[in-house]
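In what comes next, chain A is part of two complexes: it sits with chain B in the first one and with chain C in the second one.
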Partner chain A sequence: MDRNYIYLTILMLVLAIGTLLVNNEPKLKQIEPQQLLLEMVQPTRYVTTDQIAKMIIHGDPSLELVDVRSADEFEQFALPRSVNIPLDSLINSSSLGYFGIPGTKVVFVSNDDIAADQAWVLTKRLGFKGTYVMRGGLNCWMETIINPQEPSEGSPNTAYETYAFRKGAQQYFTGAKAEVAEGSKVKVEVQRRKKTSAVAGGC
Partner chain B sequence: MCPLIPNGIISSGWDFVIAIILGMAFGFILEASGFSSARNIVGVFYGYNFVVLRVFFTALIVAMVGLLYFDYFGWLDLSKIFILPTYLTPMIIGGVVMGVGFIMGGFCPGTSFTAVAIGKIDGIVFTIGLYFGIFIFSEAFPLFGDFYTSGDLGNVTITDATGIPASWVAMGFTVVALAAFWGTMFVEKRVRKNMTEYKF
Partner chain C sequence: MHIHELNPWRTLIVLTVFVAIMIVGFVTMREPLLTYEMDMKTSVAETKSDDSCFYLWQLVGFIEKENADVVLFDIRDNFVFGQGHIPGAENLSAQNLAREESIARLEELKNKNTTVVLYGDDQLQANGPVMLFRQVGFDNVKALVGGYQYYKQHKDDLLATQNDSTLMQEIARYNYAEMAAPTNGAAINKVSQKKTVEVTRRKKTAAVAGGC
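Right, the complex of A and B next:
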């Protein structure tokens, strides 16, 4: 019997047992820190409350509002068509299915934009595309859409146009609420992202 | 860092260059292991030569354990590796057909080319038959195309299917392979004792 066989057998066995000791748990996929920083310093992730109001009114199917406040706060007031994913359960596997669907824009909503921004950073780190933050959060929503201030005299024309739109939106979201309530009970169908398959290739 | 092509380190145009280099290396190792001889190969079925089992099991366990370490050291992202989709029943049937061809012809496709490379007549005949078989298969494909793609389990691994961690699977495979190496050595010895017509 060749002694080398015995040595090689022992070596292979030791290496195989070694794999049990190394941690080969699948690591969370993340983007490069430089890439994340680049995206963070750009304000392109912010969407204004006016844009959101317009998208809700038009029934834009690509809009997916994700409310990151707690379930209690969500119960008290929430934007129509929004889904509640509290920040602490954001990276559950069930929650992650909401993000990264091609053709949808996920907009994070919170009271101000801090919690929403945190949610945005988390999803960006995980490499999801198409996530945004509603600038100013629900506080800003209240100030601009629900209770818009008339621009002072001498304001530019665009300010009046914005005001006119906000007044209309106010009607839509508050005044006309009683009439719309029946029709707005449309069941929202939430799209789930399909499980991504491995990279194609082969032998 | 790896895999190189999915990570964009080299472009996918290098596919064929890498394939040729790997193919040459594979052919060289096959020939160097004595796989160009049909007697060596079918010996595994008659119990007098288990070199096929040893070479392929060695390649398998070294690659398997090596990949796990590469993943651990961060040299290779195992989640980006292509996994061949599993079609359970068609693969079992295909394996049986392949095995029958193996024992009848004395070669598997790769080894038949190494036999051709060193000018073996049985290898050349086998390769002609191989291409004839490919032709028949392609022409008759519509007849069994549905069966060919039936029972698709997707790109699953044993870890996906059973939940056993990859390192335990690797460990189990290694133990089985090493046990097979030593076990077959004794089988070989006993069978060869009673053989006179074949010189080793």
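Right, the complex of A and C next:
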């Protein structure tokens, strides 16, 4: 009888020692590489600068812009309502709290879109949902929203519609609201009817 | 009488069978096609490195078929590939990258120490797959900087791209703060100086103009 208990004890000791050898590093949950590969070949993660501009203007509360540039660059210029998480501190526990909140859309922003896309891949590997990449990055933001180019003659109608929207967005983002007031305000013109003949009138 | 006392070996036998089943289970466990070999920390650090970049001028030898240790994969879909691609490139569309035979091919190329270069329409398209392959241990996989669009613009003189500064990624091409500032420095101040609307009244010229 005693011997049986000895066997059991030895087994438990072996298992206990085994757990010491298990990698103790805190592991972040990750999705399967194959799953990640399948998700990344879909272009659904890209959003355009126009879409972002629209969301900011409408004050969409679900939008969460994450700027992955360095703190210096962020200091100089950043999109309204964006938070700065430089790419190298992306997986710090304090940064990870920004991702995966149900109902929010996290949009990564960088100078171009490569760094933003890298941030997307890294957070996706950790299984976060609802993350996007601003296509073209801030360079494209400057070209499309801050300094939109008028479409050439003969462009489809939609090009003009986009341009009209961008022009409006430009005024919104450059704080040039005063310009709107000046440019588009209907001039108050007081026009009086001309009196044609000297004797016209009378009550 | 306790049941174990019937056969003192019984517990040992059960234990051995248990351990044996566990071992068989582990050995025959189907290994996933891909596993991460690079942890998150290294993966983050790698975003700063240049290792995963392959430049257009490095392709010169490849296109002239002198360079046998580079294999170029076009990850755009088959239709676009048919309309034009870099000479010597093989089509392996992004949708098929996760297939077993594609992985096997990469495995084979890795063992031969061949550099695998992926390119899409732009650099962005190849960025994700290249990052993933490097994370699962294919450190011979690189992305063509600039992608096909860039190649198309410079295919006549690939070597000249060596000094092309527009190729630099993640560089601010504009002074954002300046550009996004109010269009003319004074625009904001102008709000306070409201222009008064001047209403000019026409002078009545005729003396006898009537009315009430």
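Here, the second predicted complex is superposed on the first by the 160 of 203 C-alpha atoms of A that agree within 3 Å, B and C clash if a C-alpha of one lies under 4 Å from a C-alpha of the other, contacts with A are read in each partner's own complex, and residues count from 1 in each chain.
By definition in this document, a contact is a pair of C-beta atoms (placed from the backbone, for glycine too) under 8 Å apart; a residue touches a chain by one contact, two chains touch by 3 or more.
Nothing here was measured: the structure is a model prediction, and the numbers come from that model.
Q: Pick one for A:Ala115: touches chain B only (first), chain C only (second), both, or neither.
A: It touches chain C, and chain B stays clear.
Q: Looking at the overlay, does A:Asp72 come into contact with chain B only (first), chain C only (second), both, or neither?
A: neither
Q: Between chain B (first) and chain C (second), which does A:Thr174 come into contact with in this model arrangement: first, second, both, or neither?
A: Second partner only.
Q: Quick check on the superposed pair: does A:Thr9 touch chain B, chain C, both, or neither? Answer first, second, both or neither.
A: Touch status of A:Thr9: first partner only.
Q: By the touch definition at the top of the document, which applies to A:Glu153: first (chain B), second (chain C), both, or neither?
A: Neither chain B nor chain C is touched by A:Glu153.
Q: Comparing chain C with chain B, which touches more residues belonging to chain A?
A: C
Q: Of the partners chain B and chain C, which touch A:Arg125 in the superposed model: first, second, both, neither?
A: second
Q: So which bits of chain A does chain B touch that chain C touches too?
A: In the superposed arrangement, which is not itself an observed complex, chain A uses residues 1, 198-203 for both chain B and chain C.
Q: For the complex, which residues does chain A have touching chain B?
A: Chain A reaches chain B through residues 1, 5, 9, 12-13, 15-20, 22-24, 26, 29, 197-203.
Q: Going by the contact rule set out above, which residues of chain A touch chain C in the complex?
A: 1, 3-4, 7-8, 11, 28, 30, 32-34, 36-38, 40-41, 73, 76-77, 87-88, 90-91, 110-115, 117-118, 120-122, 125-126, 135, 137-139, 142, 146-147, 173-179, 181-182, 187-188, 190, 192, 195, 198-203
Q: Hey, which residues of chain B end up touching chain A in the complex?
A: 3, 5-6, 61-62, 65, 68-69, 71-72, 78-84, 154-155, 165-168, 170-171, 174-175, 178, 181-182, 185
Q: Taking the complex as given, what residues does chain C use to touch chain A?
A: So the residues of chain C in touch with chain A come to 2, 4-5, 8, 11-12, 15, 32-36, 40-41, 43-45, 47-48, 94-95, 97-98, 123-124, 127-129, 131-132, 135-136, 169-174, 176-177, 179-183, 187-188, 190-191, 195, 197, 199, 201-202, 206, 208-212.
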